[in-house]
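Both of the next two complexes hold subunit A, though its partner changes from subunit B to subunit C.
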Partner chain A sequence: MTEVVESDESAREEDVLVEVNGLKKYYDAGSLTGTPVKAVDGVDFDIRRGETLGLVGESGCGKTTLGRTLVHLEAATEGEVLFDGRDVTSLSGSELKRWRRNAQIVFQDPESSLNDRMTVGEIVREPLDVHDWPTLTVRVAGDPDATVTGDAEAVGPTATGRDVDVTVTVSGDDADVAVRDSLPIGPEDLAVDVDSGSTTTVDVELLPSKAQVRRAHVRDLLERVGMQREHYFRYPHQFSGGQRQRIGIARALALEPEFVVLDEPVSALDVSVQAKILNLLEDLQDEFGLTYLFIAHDLAVVRHICDRVAVMYLGNVMELGAADSLFDEPANPYTHSLLSAIPEPDPTIESDPITLRGTPPSPRDPPTGCPFSTRCPAKIRPEAFDDLDDETWAAIDDLHRIVRERGRAERSLRERAREVLGMETRFSDVEDIVVEVFGRLDRTPDTTAERSFEAMMDALPRDVRGPLVDVTDHLRENREEDALERLLDAFGSECDATSPAYYDVDEGGRVSMCHRHDPAYDDVGPVLEERYGDYAGR
Partner chain B sequence: MSQQPRRQRTASEPVLSVENLRTEFHTDKEVIRAIDDVSFDVHPGETVGIVGESGSGKSVTARSIMGLVDDPGRLLDGSSIRFRGEELVGKTEDEYRDVRGDGIAMVFQDPLSSLNPVYTVGNQIKEALKLHQGLTGKAATDRAAELLKAVSIPDARRRLTEYPHQFSGGMRQRAVIAMALACDPDLLICDEPTTALDVTIQAQILELLNDIQDAEDLAIVFITHDMGVIAQVADRVNVMYAGEFVEKAPVEELFANPRHPYTQSLLESIPGRGDADERLQSIEGDVPTPHGAATYCRFAPRCPKAFDECDAIHPAHVDVGEEDVEHTAACLLYPDDLPQEEALAIHQERQTEAERTGDGDAQLVDENTPPEEEQ
Partner chain C sequence: MTGTEHAVHRSLRTRIRENQRPAAVWVAVLLALVALEAGALVDLAVVLVQGMVKAWPFGNPGMAGIESAKAAAEAIPTLLSRETIPNQGWRTSANGPWTNTFLGLEPMVAWLLRFALTYAYVGVLIGWFLYGYRLYREHYRQADWTPTDDVVRRFRSHSWGKFGFVVVVVFVVMAVFAPTLSPALAEENIENPYSYEMQYFDEETGSVETVFVGQANSQSTSQGAGDDNIGLWQYDDFGRFHPFGTMPNGKDLFTFMMYGARVSLFIGLLSMGIMGAFATVFAMTTAYYKGLVDLAVVIVGDSVMSIPQLLLLILAMAVFNGHWLEGIYNGGLLIALVFGLSGWPGLWRAVRGPAFQVSTEEWVDAARSFGQRPSATMRKHMLPYVVGYLLVYASMTLGGVIIGTAALSFLGIGIDAPTPEWGRAVSLGQPFIATQSWHIAMIPGLLVVAVVTAFNALGDGIRDAIDPQSEGGESETTAAAAGGGGG
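Presenting the complex of A and B:
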């Protein structure tokens, strides 16, 4: 495994460990109740050997589902996950079990991910018992045809690093035995018997019992993650949050995986404890040559620990690239907004962040076109409305969101009946809403007496008023679908029509998904600057 | 969340004035001094931040002010909480209820657990309006819709008829804030109001609180563990450790010039402040659980700058800032312009003084507080 870590930078560029192609995970797919929840909606990316890829986004954006799908805790709906070039989404049975040793996960909440009735030793040992560890793998040097018998099995000629536990060099009837460093046994614990007849047969016998080896391994692991060997017989409740997270990490490392998904491993911890766990994770990565997928919502943490970062929104990867350049010069409007929302631990910074309005749409009903189009601060506006001010646009976007939400709101049978009969329901105060949304504008009347629906409409430009009148008519008759369509028809743009492609945004191979990267439109930075004044990127 | 120029403290009377607050929890096994000698003032229109790790006593401070400390916990004699000049310590539950309804409101961390899942949001806001302002019927519904609009929930009338599970996390917290505003408070205590929320939603809520504060000249006590949030919202900050305030300063001064070793370590352990390639600084060990009055510095076991006397003398708050800046720290290293012996003498003298006055307290309080000789 050291070969990988020591290889130079350019070789590492090519050395992909995990390749994800068009991965989708839908829940409720094929059920009778209608549309599925599109938790992960077609993502492509690579994870290089030995790097830490960060996965950030708001809650509900699908980052945890993606992480769980990668380690096969969820079955993928579509797409493939290539692990060392082999598709693992279709694995099952013993093949899957065998592969799982390579890919482990550390969970977010150390309170609920450890069984309180098992001792720390039992918890960390459990994966070893399940996988019948150690399955000693033997390479007979210079003789790939040699047969291996006893407590061990032969490995293929291509196996390297951690896949080879014992190397036996045969000279006559004597054998020189070398054991991989990270195993808690030495050559003296093995009885090796060589029979060099027509084909060489090597018989390997493990002298201590497997249970003894496992216990020794668990104690080693506990020490590696900063606990004490004596903690083997303690129970999880006797430890603090930070220590419990260390136990979770030890359990994930027990089977010596190459790839570890860290699902918000420090979110539940205090900042001083968080620093310790982050340092530990970095040390372990260096020591074992691990590849991490680091899922988090804390961008400062991600910037600190990750080499590359993928920004997710509503099941899609919006931007992916080297951490430093992505944080210093974000390309995608969503990355801009996310970074601008982080409170800086420096009171002298007088930033005026882009505050995103509203919340992400439901993954059951994602918008047509770009997933971020309902909240995007840099959304493309139709040319016909070039002169319309930002404030009125904000109001139109607000109305758009309200109409979307109304369309999705559940109606009881009683409410439907009342609608059909034309009686008043909680959905009927359409005019109030228009007054509420457009009443904030400078151009509309201020005094309460004048704030009637008609007055609002009169204050708006003619080309805005027309579509709005239609929209309110549709809403009044509870046709949210038609209202939405009319809104999109009048005020929609490329962003609402087609899903954007990925564009290369720097030399380092960073990609971003936004129509604004198309040369036909102004790019994101200048647009945000124009719309948000002082805001000039970060 | 546009940044206002930091509000200048007005010469007005403080809305809330906490003095020598000490809260203890008595269990069969032990006595836990969750809050030890905490004092601070909150003036109208300003935000006072309390920041510290979990277990440092931030939430107990908030609950003590709200009169929500239940058995086996109680406030020790000598504690004083004055709201608009009126003493709150010693009030009966009924009297306290009037205060909570009339002047002080609180926003908790988890909006889902502060809302009742089986009543509509409108019902719950109207209940608050009925209890505190006597509004019922259409008047209450109208006012509730206004409150929801005030916290920027669109389509307010429809939202009133919905249940908490139909709201998103950010919108639930807005509804809780609307409920807190229903009693037209002078003081709002926010206990980690954005911890359970995403950064984009957090930014919305902080902006909302800022707007409400400006509109109503509201005083806010803001409790959080997030140094980034405190930097953005607070005017003055109290750093809390093991039940005590260890440093008090205006927010800019605190971040530019942290003096207490704990504050310094806390700031250094935030990722992103230093070089990204550097290892993060961390504080060894855990927050201790204080039992009884301290006769030593509680941070000493974890302090990189601790020396022998730290285990023997309890540090008092001394001025550490410039002349006209209110910046104090409780650490034996200060005042650093004096030779060490003199500095120690100051702390020693204050401790003796506190013990002398504290003696009377101890008898009134109860025999469970172990006098220091027995420790």
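Presenting the complex of A and C:
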């Protein structure tokens, strides 16, 4: 269970459609403002053909950026995305355009994802027009050297499925024509002319116009996603959110992609509609053999629809594995916290959620070490403080976050002036902050008494008090850097020092990024139990 | 693919072929309506081309052809023309009947009839187009509802906007039908009065006499003092009717105003076209690409905006004095160019916000995700949302251009005499504003105000029609446009 992942050979054996290696997406890297926003900070995972991979995390964790990078709406800063073994991050021009047929995206907000000035038909049809669909690829059965002329183009013998629109079987000067099922035309719509001279030439003419074929395809799609064929000439305004989302799905499927990124496809919809859309997505997946990346923050939805789940925090994948086992036995402390926040369906079971304190750090300034270290409920503590109580630790962690925040906050000119003049600024209330943070500990017998800074300090254990006095001094002088350093020096651990590796946490290939999976430390579950008792979400 | 599938998808042409009657009737009536006034329309086109060619520095190619085209245009029978309803005539004896006027009516009545019929004609024409739109919606459009329907509906209930629309139409008709609406032709009355003769009944000699128009003008002046004034709605001694009175030099003010509308409208529309083209292209590209492209346009735009427009105009008029460019429409083209090339940053800034907003919509991302070309994305997915704002701000800026042009003429550096321009009328009449000849400056001034207000009202109306949430921002934008366009 506790082994560093060496390679993903086993995953490769399974039919991998998308492979993401060390993908990074930084915003305004190299600009004058200095530090970039690290929206996606090096992620690796695979998506297998035909599966649904869930991507969950709080808003701002980079999951949407990751999804958009996969369909090339954002250019990757670093790393590669292998699609069928081919790196697509560096594609451009006509190659990129060709590839785009394979990967489409369904957007979160159905209000914003459809152009209100176009009819439903025009919206769904636009991708077809852009790609001059249908290309009418023809395979001449048993004769790879045959030339194809007319409205169609030849494809090699290896092409299968969606890549072969028409199959022509030649016998003498006659031809047997078969058309792929999902095209809205039949053999009677094609005029096929075979000339078997020294080399076979097959001439294929499309009898209806391409525009007619496209419109028929759009109407088929509308019907397929639960709209009506007659809705072609309606405008998006005339439909509800759920129906608009169906139109968006029809547009994403128009080019018959293999891979679809679903960017929170139901989170903007009424609860009553959500289930219908989810069912539709599952049906479509079965029918067209689609591979989904399902981005969501609603874990119940994810559990319902996903085969595997990746949990993201601050641009990193914290844990990734089969949905069921990940939900039943979360390994990573962040997954634990997320799950414990789901309200218990059975109200008779008493359990306290692990409340995550504070907000995620800015992706412009992620913590050193583990990305979750500023908020982690299971964070490793130095051995020297083994018998320090949990409340004091919570206070220390709070102070840590506050100091980080202050270091980031820009000081306005006015505040600097006030500082120079020795006036009070919002940065001068250091003692108040410390009192506020540690005062909650309720160590003094008389809680009603006004707590002075000194009294409160005296109540703290000696080995805590020392560093705290230093920190307060640094803060008073506005040296946030030094204060932070002192804090880490005294209370920091492995979690603050090094970024954890991925550990295999079950037989199913689930991985989790946490030092606690190292046998040198206690594992997550027992630690959380010790610290939080009977917490929820286990 | 089934047969019914084909039947449902029919092009507009097939749909018309299947239901010909409404369309055929509509087109036939339209053609008849246009044929009635074809002469006037062709004449306007010829005049515009002629203005261009006249000033062409490298010889006058095809000038002869244009002259003959003009003659041909005048020969096209036109229902509402000076020839059909003449208003210039004379009495054969003291208090005797009028000759040479329409049905022997007195000049005022004949002119009024022609004037009223022209506006009635335009009213019918506009009504016919609205009817055509309704026919299309009822018989030929496949969608039963489009977003445009809402815009039209909202505009129809916007009385301030409709007021603006009506006044703007009145103004445009002035420009287009100037020769028909005027009591006299500009060529005869204003530009070359000593090349044309006219007849009148002279009470002293008791007979019909012939004089040059110029001579008659010099005896019909309005200069404030004594009986030296032909005011509103008066005849002069030569049996000529002056709806707005005469100018200090005896020329007809109404004629001057009608032809002046042509110049104002030409400058306004041309400069608006230039500004609009720049603003559209820059708004689309900056909103789509953002970043450095945006920064570059901001810098260029700010530099252009920092140049005082009036100073630039004065400078341009001085530098190009005598240049062929200055000759086209007596400087009108040059003024329009300066307004256009210096005014686009204002218009661009006005639509930059909406353009950026629409560029963040997910449907723009969607278009990128399936590989739509940037130019097509801008045209299909962004421009339709910006074009309304473009119209709003363009119509408001247009008022500013009209004021600016008038201001230049007022200062004596704009459109050269004798080409009529409203600002020059204000300038000429200014010394007499406190006298009985107050009409010379007052009427053009009021018309400028009315037209500028109307363009602002129209802009307001369009804005509220395209964006129902924007109500209440009225005073703000009006002030901005007035301030920005002052020139």
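Assume the second predicted complex is superposed on the first by the 505 of 538 C-alpha atoms of A that agree within 3 Å, B and C clash if a C-alpha of one lies under 4 Å from a C-alpha of the other, contacts with A are read in each partner's own complex, and residues count from 1 in each chain.
Going forward, a residue touches a chain if its C-beta (ideal position, glycine included) is under 8 Å from a C-beta of that chain, and two chains touch if they have at least 3 such contacts.
Just so it is clear, the model here is predicted, and its values are computed rather than measured.
Student: Overlay done on subunit A, so just call it for subunit B and subunit C: clash or fit.
Tutor: They fit side by side.
Student: Does the superposition put A:59 against subunit B (first), subunit C (second), both, or neither?
Tutor: Touch status of A:59: first partner only.
Student: By the touch definition at the top of the document, which applies to A:135: first (subunit B), second (subunit C), both, or neither?
Tutor: neither
Student: Just checking: does A:270 make contact with subunit B only, subunit C only, both, or neither of them? Give me first, second, both or neither.
Tutor: In the superposition, A:270 touches subunit B alone.
Student: Counting only touches as set out at the top, which of subunit B and subunit C does A:338 meet: first, second, both, neither?
Tutor: In the superposed model, A:338 contacts subunit B only, not subunit C.
Student: Figure out whether A:119 sits in contact with subunit B (first) or subunit C (second), or with both, or with neither.
Tutor: Once the two structures are laid over each other on A, A:119 reaches subunit C alone.
Student: After the superposition on A, what does A:452 contact: first (subunit B), second (subunit C), both or neither?
Tutor: A:452 sits against neither subunit B nor subunit C.
Student: In the superposed arrangement, does A:233 touch subunit B (first), subunit C (second), both or neither?
Tutor: So A:233 only meets subunit C here.
Student: Once the structures are superposed on A, label A:208 by its partner contacts, choosing first (subunit B), second (subunit C), both or neither.
Tutor: Once the two structures are laid over each other on A, A:208 reaches subunit C alone.
Student: Upon superposition of the two complexes, what minimum C-alpha distance (Å) separates subunit B from subunit C?
Tutor: Nearest C-alpha pair, subunit B versus subunit C: 13 Å apart.
Student: Under the contact definition given at the top, report the residues of subunit A touching subunit B in one complex and subunit C in the other.
Tutor: none
Student: Show which residues of subunit B lie in contact with subunit A when the two form their complex.
Tutor: 1-3, 6, 53-54, 149, 154-158, 161-162, 166, 168-171, 198-204, 206-207, 225-229, 231-232, 234, 251-252, 255-256, 265-267, 269-273, 276, 279-283, 286
Student: Residues of subunit C touching subunit A in their complex?
Tutor: Spelled out, the residues of subunit C in touch with subunit A are 1, 5-6, 8-9, 142-147, 361-363, 365-373, 376, 380-381, 384-385.
Student: Inside the complex, what are the residues of subunit A that reach subunit B?
Tutor: Residues of subunit A touching subunit B: 58-59, 240, 270-276, 278-279, 282, 297, 299-301, 303-305, 324, 337-338, 340-348, 350-353, 355-357, 359, 398, 401-402, 405-406, 409-410, 426-427, 429, 432-433, 436-437.
Student: Can you list the residues on subunit A that touch subunit C in the complex?
Tutor: Its residues touching subunit C are 68, 71-73, 96-97, 100-101, 104-105, 107-109, 112-119, 126-127, 130-131, 184-186, 189, 208, 211-213, 215-216, 219, 229, 232-235, 237-238, 248, 251, 254-255.
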